[in-house]
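One chain, subunit A, appears in both complexes that follow, with subunit B as partner in the first and subunit C in the second.
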Partner chain A sequence: MYNKSKSVAFANLWVAFAAFFVAAVLGLYQVMERSGLFPEIESHELYFASVSTHGVLMGFVLTTFFIMGFGYYTATATLKRPLWSPGLAWVAFLVALGGTVMAAVPLLTGQASILYTFYPPLKAHPAFYIGATLLVVGSWVWCLEMIMSVIIWKRENPGQVVPLAMYGTTANAIMWLWTSAGVGIEMLFQLIPWSLGLMDTVDPGLARTLFSWTLHAIVYFWLFPAYIAMYTILPKVAGGRLFSDEMGRVAFIMLLVISVPIGFHHLYMDPQQSAGFKFLHMLGTFGVAIPTLLTGFTVLASMEGAGRLRGGKGLFGWIAALDWKEPMVVAGMMALFMLIAGGFGGMINASYQMNTLVHNTQWVTGHFHLIFAGTTVIMYLATAYHLWPKLTGRRLASRGMAVFQLWLWTIGMLVLTLPWHALGLLGQPRRISSTPYDSPLVEQWGPHELAMIVGGAILVVSALLFVLNLLMSQASKKLDSVSDDDWAVAVYPPMSVPKPMNGFALWNGIVAVWMVVAYGIPIVQLLILDAPGSMPWGY
Partner chain B sequence: MTELSEEEQRRILEAPPRGTWALILVVGIAMLLGWLYFFFGLFMSHGPVA
Partner chain C sequence: MHVDPLEKKWMYVIGFMTVVMIASMAYAAVALHMHPPSNVEAIDPKTLHLSGEFAEDNLGATTNPDGSITVRMVAARYSFYPQMVEVPVDTPVNFRITSPDVLHGVHVPFSNMSTMVVPGYISEVNTTFRRVGEAQFLCNEYCGLGHDYMWSKLKVVPKG
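== the complex of A and B ==
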């Protein structure tokens, strides 16, 4: 791999994992505070500052920097050429890092306790909004870097099939440009001028509509690298082959096209949008389950091949025959398991009427953590173990510890999130710092609250082991020379694919039309109607 | 894996993924039953909000 690209990838990954560790520790504080079992640490102000910081670090900082770092590695290792502009990649890193530091100051001083979602009339200090915007601007530069790298490669290699890992990375970059435009507009025209005092009031309905444009597809922005690792790293590491390259391309295309115009399932209970548009977005939400099913099938089929090559017999004997001492195998299988559990929760959330059963309850937090902190993050961790020897030139300090750490992460995540699902069904609201009620309802929550603390503690131990392993590997004197060219090969490697499966022009056109249909009238009506603005809450 | 000839490896890799189909079927049925339980058992039985 080219050294300049290696160093910028490495810098991005370290920022990601530093944020991850701090956020994990904050998470443990939050479950302890929220349980009400430790009155001495109860503080509403500290809790909401912590939740906001935890969310920003995990949801925006870990993800954005990991995606950028993994993208730089993927671009150079699969295309076998330098980045389009390594200098610009460093600019992206510094802009995103500067924005993160800028946002951190109000977060840590309690002036941005708005729960990491951009929902006015909750109001944060302008430095938070400007810092978060800079983080997104840095990611836009990364998108440009990925798109230009592929365009140049295609010019240099006419008629060649873009490697699947890079095809997925480019799909993610394009999807992120589409989806982050919503929050970008909200920031530039609503939140930043409002927080600077240039506007007295803000329209929360419009802001929530614009944020919904970003809010759901951002989950797929985070999930894309996990899927890319499942398709292009996992089968090879497991000792097999990718079941189908084309299925991966179809899944990436579907994620790009379907995931953006579906954000209203976050607004089912909002009054400013009509039932018809919510129903339209619900159909899209169920549609986006298809690429996930395709991914689950293709990855499992690849693993079945690997297991049978290792001697697995019968209908399910291949599962036991897999190499469970390999971190990527453990992470891949556990990620799929948590995806199934989290996906079921998502089906309930997405069902328009049934959403009332769980809306704004702790169920939603449980679902979100299973999909993000479970499926997505466990694949980030395993990918880091896979990449570290390639980036540092040193052997991973302890593979055994890596496997143990990934099992701990899975167990911790299940112990944390399954009680949250139960708490949601028992009526516990999400986003509360305490439950100071003395009623039979709250008493039912006790055992689940205790379990979530145990889960949080397990996760912090797991996060510590992860960071320790990376640090020990970097300090190790055991050199390792690993090839960058060890991507999974398909059972039938594609010699050629139809043009739409090797590019994105057609799909961009479809997204554009669908976005106009799904968001055109809902946004225009809010601009035409003379809705009264809202005064700020909080800071 | 090293004990298998290339021909055997190819035969295994090109075989239909029966185990995966079975697993997907089990998961699909479980999810459908779970959804039905939530809809009829929890949501509909809850009745209208007073």
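== the complex of A and C ==
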């Protein structure tokens, strides 16, 4: 009976991956245009329309729809009951899809070339802001579905431990409600009325502060499902057990609590915030590394267990003994590898002083592509391979092609992002479409620009193989039965957990207090300062 | 709650790493006075060119009584004004920058001269250039279709 929710999960996932494929193709165009090696395709108009669309599709559409689809599946499969309101899940889907289409029209016609950070006082067509807001509104309905489904399940199963996958999904839903409030306020009280001409001016400093409220934790909104798959799917598929269920809960709680009140590390270089608050947010930023370090340990320990169960011996023998023909295993190990590499870069961006040297350089683009497009997206892809037979009732068309595709994705991402890190250290700004600077500076960039085109091409081939595999699976052999019960079991499955590790009331209270200090005070200060606003500008 | 001994050890490692990193940043901030540019000061972007420190005649480098340099710049689509700034080497330089139009960023590659420029606010950066030679101010925040062309020159000259 709860299988009905599979169709809404399936619809959400297809929107996500359609956006993913389009955005990947745009990405290849961008690295080619940007390199300056193909003068015939150079166009600032096209480039910045493309970058804006690529960012919105990858950052907002792929992620939000994937998270919603995976969440619906997780909720019904782990709680073994229908969603709180299956009809509302379709409403959320249609609202989010309608918003996406509404934003896509100005994006594709060059009327919203303001990038996915939409920093005012650059102004786009109002439909872009309204469409993007509707996408977020759709995701709010999803959050409500997740939270209500767990509340009802807990009422029906008093004293039972909420399954880890659903505990993480609920933590993400609550975290997203907290964090999306920032951009929601910016849209409703600043950008939408201002773009419609109802307000003359807008304070860009306040807008950036509100956006930073959303901007950091949004990356954890994206990362959460990747971690959920690592904790609750990967160990089982690898042939082992999850090293610790409780550590997973601790990591999810820490992500919920710490990731929202730390957004000022995106504003280190901004003049409208004082050094004290920047320092405070830096402390939290280093705190949020802790759940990631815990996750790396727990997942690797689970994988080591699986490798040893498969006969692996010695310090590293368990790695060779892993099932490298299984897409989820390849993705999980590569995701951790890219997470470790990207994490080091992240420590530099997060640092109160060193960030100065790399701020807004191509280094930053390299960093977030490695962590997001690398670690996060490769787990999305592997999760799709895992879910597809369950959602379609058909065998995956080719597991071999899936494994090959995931390796290509990893290699492509490394070939793309390592040169970007180097370019950043060599002073190249991000978000440029050409390099008309002094030649001694530009000459150093040449070899890296060539490498990034190779990386982009590999990634597009990989994205194509992924979508083809999913499409071909629609027509492959029907399965006799599918199991929705193959979640990882912990080495010591918890019979009971302390109340705060089964719910979120305490943690919401802590977030509320921390947010009043970390964002409430600086926002009130800006309102008191009341800096003269800016008129809308074209681009 | 069950915690494995190995997990406990790893938690000590995490704690140690976090404390070392935060302590080094706190030391640099408190003892070496190294902070990101955080000058909270408002200005009207619509009138800043008419009078005051950002009127055209007042832009560029001036020497202060204590020998340090103050450089006033306007970041506007698509250049930094004045388009050529000359400062002496090994001398404290205080940049004051603002924008009459949209967001900009300014970075001199291979240096810590970097700040966002947000209309409505004055950005302040303090730095000292240690090498004689020519360098560039590059705009590093998207400011419109001509963003790539937004850059200007910095000349660091011998003292005296």
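Following the convention adopted for this analysis, the second predicted complex is superposed on the first by the 532 of 539 C-alpha atoms of A that agree within 3 Å, B and C clash if a C-alpha of one lies under 4 Å from a C-alpha of the other, contacts with A are read in each partner's own complex, and residues count from 1 in each chain.
As a convention for this text, a residue touches a chain if its C-beta (ideal position, glycine included) is under 8 Å from a C-beta of that chain, and two chains touch if they have at least 3 such contacts.
Owing to the predicted nature of the structure, the values given are computational and were not obtained by experimental measurement.
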item	value
Which of subunit B and subunit C A:Phe297 touches, first, second, both or neither	both
Which superposed partner A:Ser149 touches (first subunit B, second subunit C, both, neither)	neither
Touched partner set for A:Gly305, first subunit B, second subunit C, both or neither	first
Partner chain(s) touched by A:Gln405 [first = subunit B, second = subunit C, both, neither]	neither
Which superposed partner A:Met347 touches (first subunit B, second subunit C, both, neither)	both
Contacts of A:Phe243 with subunit B and subunit C, given as first, second, both or neither	both
When both partners are placed on the shared chain, which of subunit B and subunit C touches more of subunit A	C
Which superposed partner A:Val497 touches (first subunit B, second subunit C, both, neither)	second
Subunit B versus subunit C as contact partner of A:Ser259, first or second or both or neither	neither
First (subunit B), second (subunit C), both or neither touched by A:Ser50	neither
Intersection of the subunit A residues that touch subunit B with those that touch subunit C	243, 293, 297, 301, 347, 351, 353, 356-357
Complex contacts: residues of subunit A adjacent to subunit B	239-241, 243, 293, 296-297, 300-301, 304-305, 308-310, 314-319, 340, 343-344, 347-348, 351, 353-354, 356-357, 425, 491
Residues on subunit B engaged by subunit A in the complex (per definition of touch)	1, 4, 9, 12-15, 17-20, 22-24, 27, 31, 34-35, 38-39, 42-43, 46
Subunit C - residues contacting subunit A, complex	1-4, 6-7, 10-11, 14, 17-18, 21-22, 25-26, 28-29, 34-46, 101-103, 105, 107, 109-110, 112, 114-124, 134, 136, 138-149, 151
Residues of subunit A touching subunit C in the complex	44-45, 48, 113-115, 119, 121-122, 203-205, 208, 243-244, 246-247, 267-275, 278-279, 282-283, 286-287, 289-290, 293-294, 297-298, 301, 347, 351-353, 355-357, 359-361, 426-427, 429-438, 441, 492, 494, 497-498, 501, 525, 529-535, 537-539
